[in-house]
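The same chain A turns up in both complexes below, where it pairs with chain B and then with chain C.
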Partner chain A sequence: MAQTTFPAETPAAASYQQARRRLPMARALDETRAFPVILIGPVLVFFIVWNVVPLLWLLGVSFYQYKLTSARPAEYIQFENFIDIWRASEVWGLLGRTLSFMLLTVGGATLLGMLLGFLFWGSGKLPGRRLALTLLFTPMVLPPVAVGTFYRLILDPIFGIANFFTEKLIGQRFDFLGNKDLAFATTIAVDVWMWTPFMILMTLAALASVPKAELEAAEIDQIPWLKRIWYVILPNGKFILMLGILLRTIDAFKTTDLPYLMTNGGPGNTTEFVGLSLYRTGFEAFQMGEASALAIITLLIAIAFASIYLYVLSYRETRAQLQ
Partner chain B sequence: MNAHPWRQRLYHLVLWVVALAFFMPVLWIFLAAFKSSGELVSPNPVFLFRPTMDNIIRVVQEPNFLDYLRMSFILSIGSVVIAIAVAFLAAYSFSRYRPTGTNFIMFLLLSTRMVPAPAVVLPIFLMYTALGWAKTFHGMILFYVMFSIPFSLWILKGFLDGVSLRYDETALVNGGSRLHTMFRVVLPQVKPGLVAAFIFNIIFVWNEFLFNYILGGQGTTMIPVLLATGVKQGGMTDWSFIAAISFIYMLPLILAIYVFQRYLLVGMTFGTVRGEV
Partner chain C sequence: MTPTDLSREHAALVKAAKAGNLNRRELLARGAALGLSATALASLAASQRVASAVARQDNPLAGQTIDMTILGIAGWPPSRLGVDMANELFKPYAQETYGYDVNFSFEESPFESLFQKAATSLQSGSAQYNIIISDSQWLGALAEPGWIVRLNDIIAENPELDIQFEEAAAIGYRIYPDGSDNIYGFPQEGDTIAVFVRQDLMTDQAERDAYMAANDGEDLPQTYDEWLEVDIDRYERICQHFTRPDENLYGTAFQWSKVYDFVSCYAYPFMFSNGGEAWDPATGQVEGIANSEINVAGLEHNKRFLQYAPPGATNYGIAEEVDVFTAGTIATCWQWSALGPQMMNQLVPGEPGEVADEARPVTPDMVLIAPPPGFPQEDGSLNRVYTLGGQPWVLNAFNDEAHQQVAIDFMKFWYLPETQLEFSRRGGNSAVTAVLDDPGYEELQPHFAAYKYMIRENRSKDFWHDPNYAEMLAVQQEAWNGYIADVVESAQLALDYTACEQQGILYDAGRSDIEPSEACADISI
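Now for the complex of A and B:
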């Protein structure tokens, strides 16, 4: 910022000089050009100690055969961990399973969330709206650990309430979390329950970003609803929706706590996704080298997601500035 | 829809039904916290029962529970206060001086929050073990500070970018020092950002499990670990215990959503989308 100078005799200048003399520390700070860097300093320290150093550590360990519980010293094996991952069919199965989980849970939450978002669009005059929205939005702020825990109770084959209803309605009981064919679908259903409110929130935000004038014009012209959505609502709201879908996708990729508590990846490995698999390789099998290599790969995927997210975000901002 | 009051009433009824439908599973657990253990695991779900406070009392009397709950409060509030203080300084610099690399650092920080938790905790665990920081209080809280910084920085920078440079200029011209400008003139303008960053970071740390499970130890454990080990230890799960803990631990979250509903959007989108619902 440019320093503003005054003719020496103005009162403003006098008080300015006086203020500067009073606070030598502040003055020293004002004079130094390193001020912006000093401000960033603490964050940089945190960033280096908790991100950069661990990242290098991770990179290093990924070149070793390193089992934490074995007495054998770590052995340098170059790219073998990565080659193993490339060759191992389990890893491809794992990535495929994670991907289909992501697609289904994000797709489900997005569809349901958009529908309900539209439904809640005119909720401005709803009596007790704040309480209703609180109840609606609750699932997404709950600890995934608690959600995974209490769904075990709800879905229990013997005393779970879900089975009480299925028995009343279709006369059959299900082992939702223990059945090989059901566990994956059940995990998705619980995740959709947890995250549909988020997509409702994003849909409401997207709808709120549509200019009122355009909507009124469409109303006056009696444009059919599908056209209204396509030509008026989507062009204005699509960025927020896309950001929402991207955030959901990233979060679905990260999912670890929920399956860990609910199914522990089982039965078999039908609900084991990347996060849980990493946890098991690292902290149950203590294969640090192998886990590090897998972690590096997930890191790259995460960085790709972050770039796409920021691309959409900056695209939206430039567009907003042009208008 | 104003023309048909009954239609509007029906519409409002539908909205309430949807909201309640989403809340049902949570409500079921809340009810479970007040049931006797026999009612809780009965094959025929008990809908009407005499509420009992036994579970809550039993949980509160458990010495571990109070310690863990206290740690949940200390770790989440303590780390977020440090993170926001540190993030505000950096956000001010990024917003006002735009030093080279601003966008790059912001990008890197954002991507650190998009990595699956085990991939984050793995190298930290190796580092902490080597440095002897594992299971220590400062190791835990400083880790959570780092965990909270990216979000705080993004949210605060977004809000600071929205504060006109005129504020800074006026303050400097009138003889304020830079620190005065930052804390007395600009800081009050971003109060909503501070509140949002504060609340949602606390929620994220409050809900966090894996980092605490791996890096924490005696004296730094929070409630989610207690919940997880309660289910995982094998044998019969003590469901009334779990339900009572869940009730106590989730109630503040629901309260926070009610009180701070305005900040929900900005909070859940990492500060990248602003607005109110």
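Now for the complex of A and C:
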């Protein structure tokens, strides 16, 4: 192992030598191969205990017919839970709804977030900017249980303030959460409201990562804004933006709390998504085997999304390397 | 004379004296009689106290402090009442009678998630919740894995617990499996559906005239007895009359929400009252029964009332109905009778008529509570078979000996006549036949007459007690609420889907030998 060396006269070298004298154990560790293992060990143990073991357990349970309330021992049924899910027409509807919800919420929050992010980026000298940003981030930090409950009350057709205004403005009240044509759109709107600040944050972070020199050069050359975004900002900030989109996609795919509180998945199954269905299968029907199988499928879909994003992210580089 | 009679007689005497209805002689005579009775009862109580002092010394728990936890339903007044009375009344009673100190804490969860809270704890063999206020339909799911105590032996050893309950309660809140003699629960509170009526609107002369003009001289029902004669068709006309969206007034509200069992409980009366059934508990047959023509017509009939309800009623559950009724938005409302005081905006605990929230436009004097409408039969009679509400107490099978003994002592206390009287006085629905038979019972609370009428003579019945209850219910709620909200295109489809899915659930669980038919493969919502 290469030893760390400092020029003899620097203060860093002096303190390094002092540390070596004081901590022979530390020095011994520093010089062995065990050091990186010791550093990474606790993280690995944590990961194995809290991630790998439960995941393997989940995988195992998915091959069993196991119902908490049946008083019957778990029965090994191979892939039957997965086959049942594959055959169930409701599951395809469920996945379709969930994917639509995911695309619309992530798309909406990303577009709005980028737009507002750019506006805030360009308003550096505006008085009250910090306060406005803080207020804008409020929806994101509110617990979904509070958001769901507030919106259920706000959108109530009789007592809700939203309908007070719609009646004043257009003379009509809407059953936002009970009407089959409105409930899905309303749930999406609330989710977009809640998560747009996150995309603003990611956009601001992405913009901060763009080298100033390139932006100044673009400004001197008077490159149009759209081209500036495409050729200067996106190449530099795309990783952060894509990270934000990836996190939102995975999160939106497993959304449970918001529809549970606002509509309970209704009317009918209009706002029932994979997360809520998973919860119902596991903790209302207590079908642990079937719920585990659905959880594994959900996990695989989330991994697939992550892979697609990472591939898209590195596509240009890969293509350039190939050429 | 029992303490119950004594308390009532005393109240009546004070009331009469205050009103000046008694002359001096009558007052003295009745006061003396009452005094004698009280003396006799006091002597009896004194002798009981001597006996209990002896019993107290022999009690192995004497001198100990026991902490008990009751798991009950959040936001549900009868659950809260049970726990409040445990702390207020049982605690000193236990000290006096058994010589131990007991503290009750209350864990709660809403209807829709209470079973999960109980099941996940009980599944691990935990005695975290010593007594659980379960919903009646959960008996099978709690009993089958051995999580709750089979009470037959306890009742045999403690004859005080061998009580005559109302038949619907004795079966619905206690027995699993259906038809067996296995007792798993003690009725905590009985409950039935009642119709809550804005009496100020019904008696308004202008309303009566307008209604009569529109309905060939038929008048609006004015009294409890007249409501007994109201059939579902007349009720629909009443709802239609009061539906005026421009005045923000609507005819009725039922529970149509997808949450828990809300839409099921309020759609079943349209099926049960016309001879429909949920299933055959003996064979586990659902297909062909749950989706019968009667049930399809019943679900369609139920949905017809949505046009007389406020917007957003497809999401109405218990709390939403209380809000909308006490806000003065609806003229009538189907609701659990246990919520009588809350629906009337009456103070709890308090005397009948005391207003709870002055800001609410509806006050107790404006409300009449009656049995819900009857369903006309071919012979011209009216039939009412509504869904049974209410909850039993069940005892955790993992309790240690001390906690189990305290739980049993508490049950004995709960069914003492004076405890049941106090429970009733605070607005709770007793399921003990002797309490309901008491001549003054119906005057104790405004909702008791309707409750008593509906819990008797098979006018209320429960549905499945099967361990697969939650799964069967989830399927049904989704399909029925879907139909009500126009997501599922027809009642036939909603019921076919429900029947097929439930048949499959029972078959897969080994609860029925009947497989779903081949037609089920093509049915989805």
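One rule holds in what follows: the second predicted complex is superposed on the first by the 253 of 323 C-alpha atoms of A that agree within 3 Å, B and C clash if a C-alpha of one lies under 4 Å from a C-alpha of the other, contacts with A are read in each partner's own complex, and residues count from 1 in each chain.
FYI, a contact is a pair of C-beta atoms (placed from the backbone, for glycine too) under 8 Å apart; a residue touches a chain by one contact, two chains touch by 3 or more.
Because the structure is predicted, anything quoted here is derived from the model rather than measured.
Using the contact criterion defined above for the overlaid structures, shared-chain residue A:Lys67 touches chain C, although it does not reach chain B.
Contacts of A:Pro259 after superposition on the shared chain: neither chain B nor chain C is touched.
Once the two complexes are overlaid on the shared chain, A:Gly108 sits clear of chain B and of chain C alike. Once the two complexes are overlaid on the shared chain, A:Arg130 sits against chain B while remaining clear of chain C. In the superposition on chain A, A:Thr138 makes contact with chain B only, while chain C stays out of contact range.
When the shared chain is aligned, chain C comes close enough to touch A:Glu284, but chain B does not.
Using the contact criterion defined above for the overlaid structures, shared-chain residue A:Pro157 touches chain C, although it does not reach chain B. In the overlay built on the shared chain, the residue A:Gly237 is in contact with neither chain B nor chain C. Taking chain A as the reference, the larger set of touched residues comes from B, when chain B and chain C are compared. Once both structures are placed on chain A, chain A residues 158-159, 264, 283 are touched by chain B and, in the other complex, by chain C. By the touch rule above, chain C contacts chain A in their complex via residues 116, 119-120, 123, 141, 144-146, 248, 257-259, 310-315, 323-324, 327, 329, 467-468, 470-471, 474, 478-479, 481-488, 508-510, 524-525. Residue ranges on chain B touching chain A, taken from their complex, read 1, 8, 11-12, 14-16, 18-20, 22-23, 25-26, 28-29, 32, 40-45, 86-87, 89-90, 92-94, 96-97, 99, 105, 107-112, 114-120, 122-127, 142-143, 145-146, 149, 153, 168-169, 172-180, 203, 206-210, 214, 224, 227-228, 230-232, 237, 239, 242-243, 246, 249-250, 253-254, 256-258, 261, 264-265, 268-270, 272-273, 275-277.
If you check the complex, the residues on chain A that touch chain C are 65, 67-72, 89-90, 93, 156-159, 173-175, 177-180, 263-270, 272, 280, 283-287. Listing the residues of chain A that touch chain B in their complex gives 1, 4, 12, 15-16, 18-20, 23, 26-27, 29-30, 35-37, 39-40, 42-44, 46-47, 49-51, 53-55, 57-58, 61, 116, 119-120, 122-123, 125-128, 130-146, 149-154, 158-159, 161, 164, 193, 196-198, 201-202, 204-205, 208-209, 240, 243-244, 247, 250, 253-257, 260-261, 264, 274-276, 278-279, 282-283, 288, 291-292, 294-295, 298-299, 302-303, 305-307, 309-310, 313.
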